[in-house]
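Both complexes shown next keep subunit A, but they swap its partner, so subunit B is in the first and subunit C is in the second.
Entry: the complex of A and B
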């Protein structure tokens, strides 16, 4: 059969985000896939070198549109490490709750993308609605729905407003009450298994070799999670589990996402119970004149997509000297995706890409 | 859950690793920065052997390959950040340690050797460094454009690349209408 070159994206219904893949196909089978990022390259890392430490926050959160919160967190952690700042304990708890809320929101967005791609439009609408409820909480807490700029070096911008705890619990209960509906309509649906089972298989050895983290690795049975390995914020203050699956296919990855959402909600309840009182913010020097001592930091945290790292260098000036984000989608979208697509069917390209949880702006930065 | 927290005393391990590295490689500088961080620097021709040594030691996760332009020294610094995944059979964490390996190369005509034979994940990072800093990685199978689509006289992430000047030069004027006798 004749070999053809096929362009998949950026203008393609099956493609989520500004990303494209060049496929070498024979009939419906993919022989070779080449990822083409760059449609969203805004040069943030270079632009950040020209802005002061604090002015970089609006930029940092735009690197991952869907979950900007872990970006704020990793940047704050790096700045705190370089400047030697302490964070009050209450702020650590608030940060953790906030990050877990963001994780649930981000997973619901991922579920929307995945379900609507498979044709489960009802489930997709539910997921988007439930994400919106979480965005309402963010709006009340921070003033912004998508980009929050809530975590600062030294703590968080403000304390929880009155009654906010109760509203978190109420919202999460109303989302959690729909889990049986999600299960019966989507997760336990035979159609979901038929479309996702044995699709886009990535074995554990392959995932380890290609820098896989997050769901890609946890779907192969390894409970690798930075929150557990290098606990930051308040993740070591309450008990929680790392959900895993064994098969390494798209079906397992989406199930890991589902279990993680439920685990995050349980974690939020435990954190709300144990939240200490006190300050939420340690004052930093005048941000317009703030110089950070010469040095460098590498910090990492677990975003909803996997391991997120930041290499930050200061030469003692008002601006960072070099910023480099290690985003989880980078190895997933460039190395793992190219490998996972070989031998797959054309109709499964979007399926595999979304199940790997690739977000294009994270790759381009 | 707390069972995962039992690992050997870290400080002693770090000292052991330091001794092993210093005996195995000439001219390596090992600095134990904090309990969970070791910084190594070595001349350019020792990097690949250190990387494969560390991989055999269990540091099998190359998190990041980065590049810093030290324009005042006339050098580019390549940075490899390594750590360990979990043990594959018991899922215990191996070592809570980030290793930062650095080497410096000249800024004019920078050339280096690719490390994708040791860590396949380095492929995309090296492509990016090639594009943004102009480092040529010998042995790399595809040093093509990754994020950008134009060629630049100065690689755009170097310190002497002026973004504002570039924008003015490139987008600052209204291009002439085709057919009016003026070329772009």
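Entry: the complex of A and C
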């Protein structure tokens, strides 16, 4: 059969985000896939070198639209490490709750993308609605729905409003009450398995070799989670599990996502119970004068898509000297995706890509 | 994982019979959260135009726009922030940096308008703008825009606990009242390096202070240099406008701190103490400043009075290359600064440090030389190309009440106590006056009592016409005096000094003050004649004000000098009096009676003399 070169994206219904893949196909089968990023390059890392430590803070979140919060977290962690700032314990709890809410929100958003990709529009609508309920919580806590600009060096930007704990619990209960509906309509749906089972298989060895983290690795049975390996914020203050599955296919990855959401909700309930009182912010030095001592830091956290790292260098000045993000979508969207697509059907390209949770703005930055 | 099923999904059919979750906008609306970060609000009444919002904005969405209709006062510029919503990312950093707390975000975010020029806007708020901000019943979501907004709809607001500036100043270490009142030990011990850097860090560099400083010192720069750990650079910046930092660093009236934007919701920056830190940290001014006078002009300038004004004009003129001679009747430099402020506020070594540096530039000081006594004023005019008069207010006024000739006068008293022959005080002293000089006299008296009568009960009373809220002394001085145990009798006026049989003072008869100022704000005290009080005391010092002594100027020249209606010498924009070649500044020209104003005058006059002599 004749080989064809097929351009998939950036303008394509099955493509989420400004990203494209060049496919070598023979009939419906993919022989080779070449990821083609660069449509969303905004030069954040370079831009940050020209801005003061605090002016970067409203910007880092914009690197990832889906889950801006873990970006704020790594930036704050790195700045705190370089500047030797302490974070009050209550702020650590608030950060953790906030990050877990963000994880649930991000996973729901991913679920929307994935379900609508497969044609499960009902579930997609539910996921979008439930994400919106979480955005309502963010709006109340931070004043913003998408870009919260909330975790800043030294703690968090504002304390919980009155009665906020109860509203978190209420919202999460109302979302949690729909889990049986999600299960019967989607996760336990035979059709879902038919579309996702054995699709986009990545073995553990392959995932490890190519820098896969997050669901990609956990779906191969490896409980690799930065929150567990290198606990930050308050992740070591309450017990929680790392959900894993064995098969390494799209189906397993989405199931890991599902279990993770439930685990996150349980974790939030525990954190809310254990949350101490006190301050939530240790004042940073005057932003116009703030110089951070010379040094370099690498910090990492577990974003909803995998390991998110930040390498930050200060040469003792008012701006960062060098910023580099290690974003999970980078290996997932380039190497892992190229590998997973080989042998797949054209109709599964979007399916596999979203199951790998590729977020284009993270790749380009 | 449950059992995979093909029929399970049909359970979702039940949702067909439920109410939809989607809001039918705009007929159904969701209220934004209380903390919502929407469009800006700015209270123009509290906004000072400091521009910190524009400086912090990561997107340069804020520019400061001038509004000539706003009257600029010390601590307020006539600028207000203008927002470009094409750039704004609603991060709210501007809210958290705003020292005034005037800038905040509202809960509205919709902008519907046919004119894209409305996208940039100078935000006001409901307190100042009724046209844009409408009550809920007149507001329509269909017209929601930056020119049609809802009243009482504040969102993300400033919170001092989360501000990006530090409202609390680094406490200045000082000797506690119980200890300091026993001797003339300097009360303020000064910042150490770490404290000074920490305090300097608080400066937001908005420059409101620089506009308020009479001498327009480059405050942001010299404080920035302290923060950078470079006191030498700091000193150079200070010396551009002020050649007496050791003095000013101790007793400047700090108009700058009254204008500091941090004062609005916290404590103003300790600008004066930071200047003092620089002046005290650097031992050798000459080596650090490396200043050289310009090539000699061959012209000579005489300066009458070695006070702050005289010292400053000597410095500025010497740097311009003039031969400068300073005449003063005292034995050292400093003028009234040397006489007035007691040692615990300003040790003489600090004055001498500043004077010595100016002398090292080649300025000639002729101390113990009183013009009019040791040398005639006309000789000066003949010998020198220009004369600067900076004599200050050197004569204490008396109340003139009955037997007031038995009282001591403040300046005589303070001056004598600077010598080895200190006044022998009594154990019960009354000070008449409520200004800073009265505070100096009272607190000095207390110290003399404690030294001369150790362990005995002593008392110092002050009597002032002004009530607590009107006392002319600074709040700081009043508080420190009270901490040390000075008794205040505000709103009482002296009526008669009471004497005993042998003619010694036994007390002061006072009457209650009705009002101090008349309707036009002029000093014109009225009393309740029938409400009297006797304050007991065996020594009374009058500290009700000072005036200048022009007796050294011959009558026929004096007639040519014009005075203003407030009895100050009239000078032109170059600091020149109506007598050609004679310049003046400081207390005899200005209503502000303080050192930094005298420095500012001296700077103007120095430029004036330079223009006069070169033109």
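The rule is simple: the second predicted complex is superposed on the first by the 365 of 365 C-alpha atoms of A that agree within 3 Å, B and C clash if a C-alpha of one lies under 4 Å from a C-alpha of the other, contacts with A are read in each partner's own complex, and residues count from 1 in each chain.
Note that in this section contacts are C-beta pairs under 8 Å (C-beta built on N, C-alpha and C of every residue); 3 or more make two chains touch, one makes a residue touch a chain.
Because the structure is predicted, anything quoted here is derived from the model rather than measured.
**Q** Under the stated touch criterion, which partner chain does A:313 make contact with: subunit B (first), subunit C (second), both, or neither?
**A** After superposing on A, A:313 lies in contact with subunit B but is clear of subunit C.
**Q** Which partner does A:193 contact after superposing on A: first (subunit B), second (subunit C), both, neither?
**A** Only subunit C is touched by A:193; subunit B is not.
**Q** For A:158 in the superposed arrangement: first (subunit B), second (subunit C), both or neither?
**A** second
**Q** Just to be sure I read the superposition right, which of the two partners does A:142 touch: subunit B = first, subunit C = second, or both, or neither?
**A** Second partner only.
**Q** For A:181, using the defined touch cut-off, is the partner it touches subunit B, subunit C, both, or neither? Pick first, second, both or neither.
**A** second
**Q** Is A:304 in contact with subunit B, with subunit C, with both, or with neither (first, second, both, neither)?
**A** A:304: touches no partner chain.
**Q** Between subunit B (first) and subunit C (second), which, if any, makes contact with A:92: first, second, both or neither?
**A** Neither partner.
**Q** Touching A:220 in the superposition: subunit B (first), subunit C (second), both, neither?
**A** After superposing on A, A:220 lies clear of both subunit B and subunit C.
**Q** How about subunit C: which of its residues touch subunit A in the complex?
**A** Touching subunit A from subunit C are residues 1-6, 8-9, 11-12, 15, 21, 32-37, 55-56, 58, 89-93, 96-97, 105, 155-156, 159, 161-166, 201-205, 224, 227.
**Q** Using the touch definition from the top, list the residues of subunit A that touch subunit B in their complex.
**A** 37-38, 41, 43, 45-47, 50, 204, 208-211, 217, 222-224, 228-230, 239, 241, 298, 300, 307, 309, 311, 313, 321-322, 324, 326, 330-331, 334-335, 364
**Q** For subunit B, which residues are in contact with subunit A within the complex?
**A** Residues 1, 4, 36-37, 60-64, 66, 68-69, 79, 81, 85-86, 88, 91, 93, 96, 98, 100, 119-121, 123-125, 145-149, 156-157, 161, 163 of subunit B touch subunit A in their complex.
**Q** Where on subunit A is subunit C touching in the complex?
**A** It comes out as residues 51, 54-59, 122, 129, 136, 139-144, 147, 149, 157-158, 161, 181, 183-191, 193, 255, 281, 283-289.
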